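Chain lettering (A, B, C and D) follows the sequence in which the chains are written, and residue indices restart at 1 in each chain.
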Amino acid sequence: MNKIIFLIQSDDQKGLLAQITGYFYRKGFNILHCQQHTDLRAKKYYMRLELDLSDLSSSRTDLREDFAVFAAERGLIWSCDFSDTTRRVALMVSKTSHCLYDLITRHKEGDIHCEIPLIISNHPDLEYVAHQFKIPFFCLPVDPKQKQLQEQQVIDLLRRHHIDLVVLARYMQILTPDFINAYQGRIINIHHAFLPAFQGANPYLRAYQRGVKMIGATAHFATEDLDQGPIIEQDVVRVNHELSPAGLKKVGKDVERMVLSRAVQAHLEQRVIISGNRTVVFPNEH
Amino acid sequence: MNKIIFLIQSDDQKGLLAQITGYFYRKGFNILHCQQHTDLRAKKYYMRLELDLSDLSSSRTDLREDFAVFAAERGLIWSCDFSDTTRRVALMVSKTSHCLYDLITRHKEGDIHCEIPLIISNHPDLEYVAHQFKIPFFCLPVDPKQKQLQEQQVIDLLRRHHIDLVVLARYMQILTPDFINAYQGRIINIHHAFLPAFQGANPYLRAYQRGVKMIGATAHFATEDLDQGPIIEQDVVRVNHELSPAGLKKVGKDVERMVLSRAVQAHLEQRVIISGNRTVVFPNEH
Amino acid sequence: MNKIIFLIQSDDQKGLLAQITGYFYRKGFNILHCQQHTDLRAKKYYMRLELDLSDLSSSRTDLREDFAVFAAERGLIWSCDFSDTTRRVALMVSKTSHCLYDLITRHKEGDIHCEIPLIISNHPDLEYVAHQFKIPFFCLPVDPKQKQLQEQQVIDLLRRHHIDLVVLARYMQILTPDFINAYQGRIINIHHAFLPAFQGANPYLRAYQRGVKMIGATAHFATEDLDQGPIIEQDVVRVNHELSPAGLKKVGKDVERMVLSRAVQAHLEQRVIISGNRTVVFPNEH
Amino acid sequence: MNKIIFLIQSDDQKGLLAQITGYFYRKGFNILHCQQHTDLRAKKYYMRLELDLSDLSSSRTDLREDFAVFAAERGLIWSCDFSDTTRRVALMVSKTSHCLYDLITRHKEGDIHCEIPLIISNHPDLEYVAHQFKIPFFCLPVDPKQKQLQEQQVIDLLRRHHIDLVVLARYMQILTPDFINAYQGRIINIHHAFLPAFQGANPYLRAYQRGVKMIGATAHFATEDLDQGPIIEQDVVRVNHELSPAGLKKVGKDVERMVLSRAVQAHLEQRVIISGNRTVVFPNEH
């Protein structure tokens, strides 16, 4: 069944739920699923609605324009997506294959709904993975002296391929503010630590040195501040004194791939609202 | 803030969400929180609504009678509770104190909102716990030949104390159908295994013999069929070959108390709908 | 560093640890790691020893023959493996690719140490996966009337390829006792439920019907009794009322792949001792 | 069965395991359990041995003196404890009862083996808990201008009661170096965050602001550097956008009590070795 998905946020207002559901009822829509959260502390209202696309009696543009008027009167920030429109995702990697393999095998198995028109790397190492799955691979090495030149090439590729979402699947480069601003809220990074612990480089070595009893990973939207963007998903795994930094790294790979793929799925299923430096992630249903 | 909580279930119908939220909007209510689930497979609709009690402009009886008319027209099964009405909970135990201590210390700390007017046991062993917390304790031993006699004494106590919920906090007796029917959907039991595995007696010994790598606990509504009632909450803990049956039992205690207290809290917060042999448990928010 | 790994089990005897470690000390070995477990209840002794291979001053055959004498005097059941000897693993699949992809990408990334000389399936569907990773693929369909004929072909392939371990990575066929006896203790199966719950067919549908709040997966050695063999690894994931049987199946895939790969790794790292219908799985260290 | 427990650490040396087990074999001891870890990176050797106390043929002092000679020749750092000697534990609290209740009910149920001769607090709030369980309660308020005066009173109490272990069960005061040095390696603190994330004050508020998807707790030995001591145990729980700081605090209480009680049990069962700023925590067996 194809669906229309609305994500809505606004200041909290009395009667908003009734007004919004009433709006769609009058338009002849069956609401398949309604998820709603009111942050009483911040006086903020968040909502996700799934409508049955087959109830749509106008053009999609008309729906958007009509809702825009309704939304403007109430100060709603909103987006509207159609589940029959496939998002286009670019994967960016360096030398480690585990997150890359995880995402593309899930995609192949039909568990991540998107297109993956290209893989971009600053190293040639993972070209064979792209070949195995017949995905175009672009190797764009970074010259530290001319970092922005490479970034411009990357942005050109993303634009030419009409990319909606950039996934940094262990792409070990810091992006410039220009890049991040060009894809605000559309770059998901995986950090190999349980943020805010062990921000920055070598988290597994630092986890070993600190003697923590669990290690984790964090998927977040990339922002100008390194490892500071809104968190989408986190998870951890228990470790013990027997594991060396290399052992932690190996064990951590499983957490990294799980966390990143859950975050990408949440975003592609229109379940994530960014609100300041926090996210509202509505749980999935099938 | 005091709240009115509606739990609603019905066959799925187009426009139900808009109609229900519209109903409360017209009555002047702010909907603080709306949780909704449609089981597309079973064509069932489930809903939980939190309203601001201070918006109530009629008597509580009037609200109930008025909504009853609205609900009857649409075939809704529903309940309406007020958060300023405290539920009265009876704890039933045998000889093991861990679940009992857990529930009454949470109650003492203000994390479980209810009254606990009495503790009932078939053994005298835990009277000292009741004394510590100044809760009336009734010891009603079970004579296997006259089981129903004791049950009648229990029911008399429950009625005299206006009990809303019976929690079997490791009460190692099988209840008769008469008892269960008298408190249908209002008896929560903790089984010390991950149901449906290890139903019945000695689950830890059987878990040891089977060599499982995790053990669990299950909180469910008691029904006529032993360990078959609707499950409210489950959890597990990792174990290994080093643990004897006694070791499993000790480790399992933590899972038992967590699972039972979460189930009791969910029920007391009006977050559980029973639907056939399954439950809908809406997540908590604070 | 290359290692010699001894797995030892016997009835418990006073001084066994000192005698065994003393034996290797006299032979000039440094014991890198010693893991030991005494089941006081069953009066059984289990041990895993890692020795530094570079300390070996005789031939491997001499070591085995010499230790055999020592072991016979004490009634030890034992095995001796060398970490520079790579095990040969056959993967058997049907139509679902998630466990297959998981195992071969981990292998490719160097996290599972073995050779995978062939993939065997009763269906042609996953041949493309074998092609992607350049692994020979054999499609041997099962004729229900002549099941043993196909099994004989499978066994011939396993023998010709000198297979040490057979991994049933969602191979949806029941093996005959002849097959199982030919590879006793060397066939690992993944069952898509938390055994002993939901043995047999359609576990996700039955989990949905029972309304469980967690679903799981179990990796075990295949024995003549379906889903009854010694358990190597289990894990679970939390689910809720929103998930249909298809949703449970999708969520369960992650547990299946994690559990199976952990079990295979434990076996390949010589960390698993089978003892009756239970296993001793020594934790890994790196 | 009563046991002698040796904890041993040293620089790694060839043959150490054989020499140590041989030593106890010659003394006529049955080794019930041997746990051993070699940190190849740091070239450190760690060991825990459980001996059957009934095998002891000399006085305890003789055993210690004899082993001291053996240990000195090899540079071993070691401790020797007897399971029939009960440790004496002081609980220090402020105003929150959940960790206190958890520890004393576990103690009451026989799951934590120690004596609890007294509870010390800087506030009178929890005196009723001490009364319920008939444990002497000492209220020693802190005058910020004369902090050391109160600490001296605490230390006097600890000494007079022959305290072996101090558990800071949400004692919201920073201890002076003098106090910490007097009980080096014998003060366990619970921090209500997943260290090293959210060190210091108000971790739940900061977790809310950062928008983390899991919160945790950490039990560690107190050292002069706040929240920097060797970690004994950590755990986490999943949270979401619906939880306010107060909601996080409530959910976090369960993690705090579990983590603290596991750490205290590990220490009391002689399973913890401190090594620099890290710990080796040997798993428990029953």
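Just so it is clear, a residue touches a chain if its C-beta (ideal position, glycine included) is under 8 Å from a C-beta of that chain, and two chains touch if they have at least 3 such contacts.
This one's a predicted model, so the numbers in the text were calculated from it and none came from an experiment.
A.B. asks: Can you check which chain pair, B-D or A-D, has more C-beta pairs in contact?
C.D. replies: Between the chain pairs B-D and A-D, A-D carries more contacts.
A.B. asks: Taking all residue numbers at the chain C/chain D interface, are over half used by both copies (same) or under half (different)?
C.D. replies: Same: when the shared numbers are divided by all numbers used, the fraction is over half.
A.B. asks: From the centre of chain D, which chain's CA centre is farthest?
C.D. replies: Measuring from the centre of chain D, the most distant chain centre belongs to A.
A.B. asks: I'd like to verify one number: the distance from the centre of chain B to the centre of chain D, where each centre is the average of its C-alpha atoms, in whole angstrom.
C.D. replies: 36
A.B. asks: Any idea how many Å lie between the Cα centroids of chain A and chain D?
C.D. replies: Comparing mean C-alpha positions, chain D is 41 Å from chain A.
A.B. asks: Considering chain A alone, which of its residues make contact with at least two other chains?
C.D. replies: 37, 40, 240, 242, 244, 283, 285
A.B. asks: Any idea which chain A residues touch chain B in the complex?
C.D. replies: Result: residues 14-15, 17-19, 21-22, 24-25, 30-38, 40, 283, 285 of chain A touch chain B.
A.B. asks: What residues on chain B touch chain D, complex-wise?
C.D. replies: 97-98, 101-102, 105, 108-109, 111, 132-133, 240, 242-244, 246-247, 250, 253-254, 258, 283-286
A.B. asks: Which residues of chain C touch chain B in their complex?
C.D. replies: 37, 39-41, 46, 194-198, 209-214, 216, 230-236, 240-242, 244-245, 277-281, 283
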